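Next come two complexes, and both contain chain A; in the first it sits with chain B, in the second with chain C.
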Partner chain A sequence: MKRPQSYTIEHTKRIWAYTFLVVPVLFYLTIRFYPTFYAFFLSLTDWDIVSRDKNFIGLTNYRNLFQDPIFWKTLSNTGFYVLYGLPISLLSGFILAYNIDRLKKGEGVFKALYFLPYITSMVAIAWVWRWLYQPAPIGVFNKILISIGLPQQKFLFSQTQALPSILAPTIWADVGFQLIIFLAGLKGISRQYYEAAEIDGADNWDQLRYITLPLLKPTIVFLIITGTIRYLRIFTQVLNMSYQGEGGPLNSTKPLVLYIYHSAFQQFDMGYAAAMTVILFLIILMITLIQLKVMKSED
Partner chain B sequence: MKRNAIVLMVSLSLILFSQVLFAAGQADQAQKGDAGEVTEIVYWQYFYETKSKLMDKLIEMFEAEHPDIRVVQQTFPYEQYNTKVASSVPSGTGPNVINLYYGWLPTYIDSGYLQPLPTSQFPNEKIEQEFFPLVRAAKFDGSYYALPTAVRSLALFWNKDLFKEAGLDPERPPRTVEELVDFAEMLTITDKNGNYLQTGLTLELRAQMHHWVREVLIRQMGGTPYSDDNRSVTYDSQAGYDAFTFFTDLHLKNKVGMPNFMTDDVTAFKSGAMAMTIDGSFRLGTLDGVQGLNYGVTELPSMNGISSSFASFWANGITSFTTGKELEASLKFLEFLTSDEVMSMWLDAIGELPAKQALALTDEFRNNPKYGPFIRSLEYAHATKFIDESVQRKVWIDAYDQVVLNNASIRDAVNEAAATEQKMLDSYYNSK
Partner chain C sequence: MKTNYKPIDVLRPVILIILGLLMLFPFAWMIATSFKQGRDVFSLSIIPENPTFANYLNIFSNSNFPFWFLNSLIVGLAVTASVLFFDSLVGFTLSKYSFRGKKIIFILILSTMMIPTEMLVIPWYIMSNELHWVDTYWGVMFPGLMSGFGTFLMRQFFQTVPEDLLDAGRIDGLNEFYLFSRIAIPLVKPALSALAIFSFIGNWNAFMWPLIVSNKVTMYTLPVGLSFFNGEFQSQWEMVMTGASIATIPVFFIFILFQRQIIQGIALTGVKG
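Entry: the complex of A and B
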């Protein structure tokens, strides 16, 4: 019997591949995409989770949102997390990777050391740091300050210090990830470029500027985009480090996602929360598009 | 051909997938149906170790009495409990009998989640005659929707060993608020830079102190927190300002404590780093388990001759989708949970007070060194008619931060709290 021409092994393989892919596709359609689109609809209703009716109220949620000082505060807090968290973690990740890459020995030890925080549960990190920040007699940081004769700091209980205090462990955990990806990027650059450059008399700085950084561009783009999204969605740290997950004191550490969570699951104001998720979605979309465009146009 | 094959595969897997779901549903159904003789009901409460252990014991007792009923207890962490309950509403699933904080009842009754208790088994007159008046907070439009096993009130806990160390009589707690402040000052220890090593009194608004400000201090200063119909905030008054000045001064002037000391007041009091705390009767169970903690309990100190306390309760209701045999079983279970026998066991195991007056107000309980102060204070305690407790608590936390961190004036901070709370109350009552 002659096999029909279109039924080659190649095709059978492909069909099997699609069959296996159907499961995640179904999963994503029902668990991810359907709720995402549903959120757009919910943002136009006054649904409060426990009532049966979802009344259509047009753009009221958005109007209220723009008049809500807490919304603007959480938006600016989120901006703070991104604008400080991302560059600092990116830069320290790169500096560490650059130096580790030049090591002859002990590379594995350093990699493991810096990567450990990243694989640690964020909840665990948040709680440990929360205790470190406590006032004396519990908090280690304040005990050190007192022992060297400096005044205690309020850290998490201060409106100005709380946000950087939450950002610090976030960056600390994030650096490990940036470092590993940077290191992979650095290893991918052929030694021949550097050898050629050395022959041409280029010093370390020239090599970094004209060889390493340009060739790392795909890595940097990837890290900036994923990092921006990660910092925009900051949540776990704040929930666990601020008292009762309030994002306090006085909303000074509350990021947008935490406000969404509070509106949805504490005030049960699903419509309002959905409106915020739509805004967050648009922000992430916009930033990602701009970043992709900027990076592409430079090519 | 190729495309057809793909379509075929996709639809095949779709069918397979739905088969699995269908089968799972069938199995679920079968389990329920086949049980036949035995009716299974589900009970929800939040996880509190002593409560969930006692409930296991109670369920055993109940099942022995009613062999045709099986009760399944499910617990959830306190922080997620309300969310968990709320998210079960739109799906129309959940427990048959549910334990809810009285402050949440308006939300769940409005949404049709709870059904009114049938007056044949739970007549209003009988409830009102037997239970403490504060249980009326569970009555809406003439029907009771939930009943408590126990009620709680606030009292002052003091550490006798720390009193002795400070040169105070360990058996003589403060009786007035003036004494409270004097004692607290003597019981506070700071290092040379003014850092607290031991605090005199809790200032934890996030725990119970917002109740103290709202229902105790404001009343003692001659005001009321709300109008009689509970629809308007009335603490943006001189009494409110005085009460909050007094409260913030505990940290700013008297320097007897601060919020978050040792992370929270329960930890601080347990570890002997805080001399006095204000907490609920439910804390007795926790504190009795702490070795080496020698403490006493007394009624909240009075001021200007006024005594007040805050009372609250968790109540058991029946969900509206419970019908037929399950409803019968649920009503029997609720009757059991509100029986004298269970209430007495609850007091012993948890420290929460019997919800029935006749049971609680016996001389034996009134004079009990631990429960006594709570039971005596039930006679003058107020149960706030909460609409959204988390918002109503947070306005006081924010007001405190405004004063202490931002140097805002008391008047501005209290007015802002009142305005925020009023807005929330308005949006609730106006939607009625």
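Entry: the complex of A and C
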């Protein structure tokens, strides 16, 4: 039987397409989807990795979680990281981008200067800042405080100062990212809007309020959503900046992900830790859905 | 014509320069301290009075840093190569062919971007334990061999490759893999280089998974090694700063070399590597 040539070409193309996809599809199924379902399953068991059998215990892990004061503490710490860290880094990123955008020259240098911390290893950053926070005569911050006649601060050793002290380098490393995205957003606004506004006699504040900010809304939504997820997942800096990586003093800096890590890989309470990852997943899912909804209503 | 120079035009760059230098201070102190020894470590000066390479020599001869550096390099390069190959192959397939199941596969791959790594590390660890992948390069690398983000990025860029070009190749009797690797790939080089840089930096800095999957000291990657090393040498801050400098300086070089691509890539995609 003779097939028309175009049919054979389409047929060959399809076979190639499926061939190209075999390995990737297997990868995504085994390394992404299967583990996701497995985490859900584990969260319903009491498995401790050592024992042979996994006992199905229903929602017990979740019930225990809701009665676990450390879980609530880590959840509220995580909330602090998000609610203080994100607005501060967003606002600083915007102010910097707004001013860099209005420079006559040298934009590239400034972008590079502020962006460098963002691509630096968080482990290195955490230890450098941990050193800066040490008591005098080691720590630079305390030496500066003393030299201008102010009392030393305890920083990482204080239950109230430790969390903001960990947040500072986090924001420091994050600002560059917000700045670059804001700057790209600002460049996308046509100059014609501003020229028209100037003719109408609008000053800088009016322009910022009625042109720049409304037109930046998609950028701002994007940065809020991705930023929330990034701050929700804080882990590396806390493990490296607190004494023995415990999220102290007295759990005052411990975020949810560090508690997950301790439960899973130090206590080997796999089921309990898996239940916490499911909760983290649901929070992130909710935020992503809100983003999709806000973005849709934009169109 | 009136020149519109206001005080703000002078003030703005000055303030931005001061703030920018403040941003760099932690790095400056880190690098300065790595060249100090003895009592100089406690001095505030940014320029070491008696600069010395002793800390670097000490670290490279008396610690496992050479292993960690090498491990990070191997893992970073291998994962980047895999991501470049597979993400562009899948991106190409999803943008240039029509076949049954295409839409579902695309949505499934996209949706993996929403799954937090924290949720996957426990099953990955159990898997690695059972398959004896703990303390192997493969164990560190396997979760990152392909990425939903990279696939999405490459698919967007392959959309811009004209169909006629591929059809011309088909008429010349070239096979589809040849069309992909020799005709389509050269046309998306900017996207590939952005993806390569993100992927390498991301792997170079990755901490959580390498920490979980490595128990043997010689199998640590640089961030994991640095974290343990610092915990051990906490009282010798010049050693901690030397270690931090070793982890940081390669990224500085990459940044200086590829600054334009990195910043454009970030602005384009809004994603960290």
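In this text, the second predicted complex is superposed on the first by the 262 of 299 C-alpha atoms of A that agree within 3 Å, B and C clash if a C-alpha of one lies under 4 Å from a C-alpha of the other, contacts with A are read in each partner's own complex, and residues count from 1 in each chain.
Following the convention adopted for this analysis, a residue touches a chain if its C-beta (ideal position, glycine included) is under 8 Å from a C-beta of that chain, and two chains touch if they have at least 3 such contacts.
These numbers come from a predicted model, not from an experiment.
Participant: Is A:51 touching the first partner chain B, the second partner chain C, both, or neither of them?
Facilitator: first
Participant: So, A:171: does it touch chain B (first), chain C (second), both, or neither?
Facilitator: A:171 contacts neither chain B nor chain C.
Participant: With the two structures laid over each other on chain A, which partner does A:90 touch: chain B (first), chain C (second), both, or neither?
Facilitator: After superposing on A, A:90 lies clear of both chain B and chain C.
Participant: After superposition on the shared chain, which partner residues are touched by A:277: those of chain B (first), chain C (second), both, or neither?
Facilitator: second
Participant: With the two structures laid over each other on chain A, which partner does A:268 touch: chain B (first), chain C (second), both, or neither?
Facilitator: first
Participant: In the superposed arrangement, which partner chain does A:152 touch: chain B (first), chain C (second), both, or neither?
Facilitator: first
Participant: On chain A, which partner's contacts cover more residues, chain B's or chain C's?
Facilitator: Between chain B and chain C, C touches the greater number of residues in chain A.
Participant: Does chain B (first) or chain C (second) touch A:138, or do both, or does neither?
Facilitator: After superposing on A, A:138 lies in contact with both chain B and chain C.
Participant: Of the partners chain B and chain C, which touch A:248 in the superposed model: first, second, both, neither?
Facilitator: After superposition on chain A, A:248 lies in contact with chain B alone.
Participant: Using the superposition on chain A described above, determine whether A:11 touches chain B (first), chain C (second), both, or neither.
Facilitator: So A:11 only meets chain B here.
Participant: For chain A, what residues appear in both contact lists, the one with chain B and the one with chain C?
Facilitator: On chain A, the residues that contact chain B in one structure and chain C in the other are 18, 23, 49, 131, 134, 137-138, 244-245, 265.
Participant: Mind listing the chain C positions that touch chain A in their complex?
Facilitator: 9, 12-13, 15-16, 19-21, 23-24, 26-27, 29-30, 33, 42, 44, 86, 89-90, 92-93, 97, 99, 102, 105, 108-109, 112, 114-127, 129, 142-143, 145-146, 170, 175-177, 180, 201, 204-205, 207-208, 212, 222-224, 226-227, 230-231, 237, 240-241, 243-245, 247-248, 251-252, 255, 259, 262-263, 266-268, 270-273
Participant: Over in the complex, which chain B residues touch chain A? Could you list them?
Facilitator: Contacts found on chain B: 1-2, 5-6, 9-10, 13-14, 17, 79, 82-83, 86-87, 89-90, 107-108, 110-113, 191, 193, 195-197, 206, 258-263, 273, 388, 390-391, 394, 397-398, 401-402, 405-406.
Participant: Where on chain A does chain C make contact in their complex?
Facilitator: Per the touch definition, chain A meets chain C at residues 9, 12-14, 16-18, 20-21, 23-25, 27-28, 31-36, 38-39, 42, 49, 96, 99-100, 102-104, 106, 108, 110-125, 127-129, 131-132, 134, 137-138, 140, 143-144, 169, 172, 177, 180-181, 183-184, 222, 226, 229, 233, 235-236, 239-240, 244-245, 257, 260-261, 264-265, 270, 273-274, 277-278, 280-281, 284-285, 288.
Participant: Which chain A residues qualify as touching chain B in the complex?
Facilitator: Listed in rising order, the residues of chain A that touch chain B are 4, 6-7, 11, 15, 18-19, 22-23, 26, 49-52, 131, 134-138, 142, 146, 151-152, 157-159, 243-246, 248-250, 265-268.
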